[in-house]
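Look at the two complexes coming up: subunit A is in both, with subunit B in one and subunit C in the other.
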Partner chain A sequence: MFDVARVVEAWPLLAKGAWVTAQLTVAATAVSLIVGTLSAMLQLSGLRAGYWLSRVYVSAMRGTPLLVQLFVVFFGLPLLGIRGEAFLAAVIAIGLNSGAFVTEILRAAVLNVPRGQIEAAEAVGMSRWQLWRRTILPQAFVTSLPALTNEFTILLKATPLASVVAVTELTYAGQLVIARTFEPTEILLTVAAVYVAFVLCLSQVSRRMESRFARRWSIQ
Partner chain B sequence: MNSEFTPAVEVQDLRKSFGDLAVLRGVSFTVAAGEVVCVLGASGSGKSTLLRCVNGLTPATGGDVRIGGELLGQRETAPGRREPLPEAERRRQRRRIGMVFQLLNLWPHRTAAGNVMEGPMIVLGMTRKDARERAERLLAQVGLLDKADVYPARLSGGQQQRVAIARALAMEPEIILFDEPTSSLDPELVGEVLNVMQDLARRSTTMIVVTHEIGFAAEAADRIIFLDEGRVLEEAPPLQFLHNPRHERSRRFLEQFLSRSSAFLSSSTPPPAGESR
Partner chain C sequence: MLRSLPLLAAGLRWTVVVAILGMALALALSVVLVAMRRSAHRFVRAPARIYTEIILGVPILVLLFIVFFVLPEAGIVIDPLPAGLITLMLYYSPYLAEVIRGALNAVPAGQIEAARTVGMSRFRIAQRIVAPQAVGLMLPPMTGLFIGLTKDTAILSVISVAELTFQAKQVISRTYAPFEVYVLVAAGYWVLTFVLETALRRAETSVTRYRRA
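Up next, the complex of A and B:
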């Protein structure tokens, strides 16, 4: 039967793990958004080199397992003189991986911004950068909110991979408890429940933003 | 340069081809400051392309456009030698030319006032407060001050187009180009937009208007340019053009237009006299 006492006893360690998972998710999401946005802009900038740089990045990230990417970053960082930074390696690897998918999501949304709105911006004399910042990106982010939310829930559930480079996130914390007690049921269920709670939080935030912007602007 | 004698717009032998398709085959005309010129012509005659070349959205294949005497998109390095202008210079030129489009092109993520403030704030570097003041003044001018904080999705097509006119005016351009501003509107919304344009014409705004609204052209235009197969076929004051066109093509164009409206008028039954208010 479900023994609450086991959860209570393990909670301090699990909570620490959950906190690491949350930090990892937020940091990797930020990396993913920044890199994904820049990569989508490069791809659609009309610059040949930019286009290819972005294509190669997306293909490399989509074409190889995240686990391999994580090892590459983890063992690559020391070559740059950065040692013992497992958390940083995980943020970079997971963020870069997700950024490739964000590139594709945003690319589709950018191409959906009506041509006439871009011409209207050009007609008032906006520069390329102003056009992106003021007209294209705000709309692209809002129209792709559901797809982005989906991508970041996937990112959240990829964070346990960080345990292979010894980042004590939620799942690894659970495993450490189980290795001591040999009683997996309560711990695993608790770990699963925390992930569900995180995902619900994410989708709540996304829903709020959607009703705040998308409905008022009536764009989809 | 003396602006009294320099035309606001001078188009010389303008040519534009898309691949093998020659859309403009040497168009020349001038527009004086304060003048309203309507461009008429059948669809495919090159009207929209002409406007897009005049404001530089579409690069011309040949010929010159001068705005207030300044060559558009190019500069003369030596007599007879030219080079394309850098992008920043082209943007600066574009600010002098306002454009109102055929389709409803407001930015949906900004309110009516936000759409009008955008250019002054972002491009001209005006403060939010000053831009807001200007937006309110212009929205009042087009009769939409009460809609300042409404998003375009909540505005009718006619209201959206009036905001678009205010947005063009906010840059204080030397000339405003209208590309069939009423042709994507429901018929009952056309009047309010034409009224705003007529008001602009009375305020001596320099305008080039591509339109199918012959009534507007007759009332507001100083001159009509009839475009046919990428050339200026006829250029005349509106009454002369409408009542006494010189060319067979323009006559047929007008006849077609008039027969279409009269066919509509004769098929609709007039209301019984007793019931009219």
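Up next, the complex of A and C:
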């Protein structure tokens, strides 16, 4: 029933797709972290406009399907004069979507930084920027590491959506093979297995990072 | 654009129907999974655990393709709508099961022992001690999952289930205004998830009234 030869034959194309999936995941994670951090800072900065901008961004991203967001970005970019950039559209859509969840994660972590530390930092004369960079953010990132890894696992699992705008990542590579051979079983199960392996790798890496940070910062 | 509104409204209706059916099916399977995970027999617990581990690693789009394209290879031909519903059920049930399991475990064991001591039956304990507290604990994370499920119904457009996103594609093939249509569609989902979130939050407030009494 399961013909390994079909997988072997399709493997070069699938491996190329898996590499694109990895690139897509890393690029979208970077966008998500940057946007999420800025949005969390904006929301807690005390600026009224900044607070509402961040709230509306988070609500819009969490309230609408990623697939629709991807289409909006994909068909919106040409209006800005950027044409034929499906990979870029996917990175932006997936990154912005995940950034909303990162905002929520970091917001909770920042609010958990003891008030006394912030007062102490102000007392020794740190500027606002130094306060964020040296006192608040490092702790917020370490305490929210498990939640962030969980979020980036979800991000990895969202990358197949890029196949609908013809980014040749793993799922689309699989579809291309199937369109030629009309044998979906082996290919789809292999694709699924590769994602499971990716997710397991990611959770291993995060476990290592957590224990390393925990030792260095002696935070439980 | 205006002439396509009825088509989009029909799509929105289907999205609501698919989401509600998907929630019901996922909830049903998740209860089975919880029962399996709490079983005394290892051979009942293990399959549920392995299934959960696998689903946590598989993207929903890939799962949809497996249900829609691989099952027919095994002789089970299904229409897009049932395939979509099965996918939503298979994908969301392990997540829901984890939420339910966590909420049940969070009810203090001392209370259950106390209830047993005063002679309550197992059913009475479940009804009067465990359920009232566990439901309040599981509703907030469940709200997130149900909103996720509602949004993921959009993915069923890929196999031509006539929900909102699929109807949007139909409209676009006539109007050639993809950006505008998708922004409109996004607004539709936004309203839908807002209504769902508000309703479930109300429900949470009412079932957790005992905490404030």
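Quick notes on this one:
Here is the rule we go by: the second predicted complex is superposed on the first by the 216 of 220 C-alpha atoms of A that agree within 3 Å, B and C clash if a C-alpha of one lies under 4 Å from a C-alpha of the other, contacts with A are read in each partner's own complex, and residues count from 1 in each chain.
Throughout what follows, a residue touches a chain if its C-beta (ideal position, glycine included) is under 8 Å from a C-beta of that chain, and two chains touch if they have at least 3 such contacts.
Bear in mind the structure is a predicted one, so any value in this text is a computation, not a measurement.
Considered on the superposed subunit A, subunit B and subunit C are sterically compatible, since they fit side by side. Looking at the superposed arrangement, the partner reaching more residues of subunit A, out of subunit B and subunit C, is C.
By the document's definition of touching, neither partner reaches A:P12: not subunit B, not subunit C. After overlaying the two complexes on the shared chain, residue contacts for A:P184 are found with subunit C alone; subunit B is out of touch. In the superposed model, A:L66 lies in contact with subunit C only, and not with subunit B. In the overlay built on the shared chain, the residue A:R216 is in contact with subunit B alone; subunit C does not reach it.
In the superposition on chain A, A:A192 makes contact with subunit C only, while subunit B stays out of contact range. For the overlaid pair of complexes, the smallest distance between C-alpha atoms of subunit B and those of subunit C rounds to 28 Å.
Of all the residues in subunit A, the ones that touch subunit B in their complex are 114, 116-117, 119-128, 130, 134-135, 138-139, 142, 213, 216-219.
Residue ranges of subunit C in contact with subunit A, taken from their complex: 54, 56-63, 65-66, 69-70, 73, 147, 151-155, 157-158, 165, 168, 178-179, 182-183, 185-186, 189-190, 193-194.
Listing the residues of subunit B that touch subunit A in their complex gives 55, 57, 87-88, 91-92, 94-95, 97-99, 101, 103-109, 118-119, 122-123, 151, 153, 164, 167-168, 171.
Residue ranges of subunit A in contact with subunit C, taken from their complex: 59-60, 62-69, 71-72, 75-76, 79, 157-161, 163-164, 171, 175, 178, 184-185, 188-189, 191-192, 195-200.
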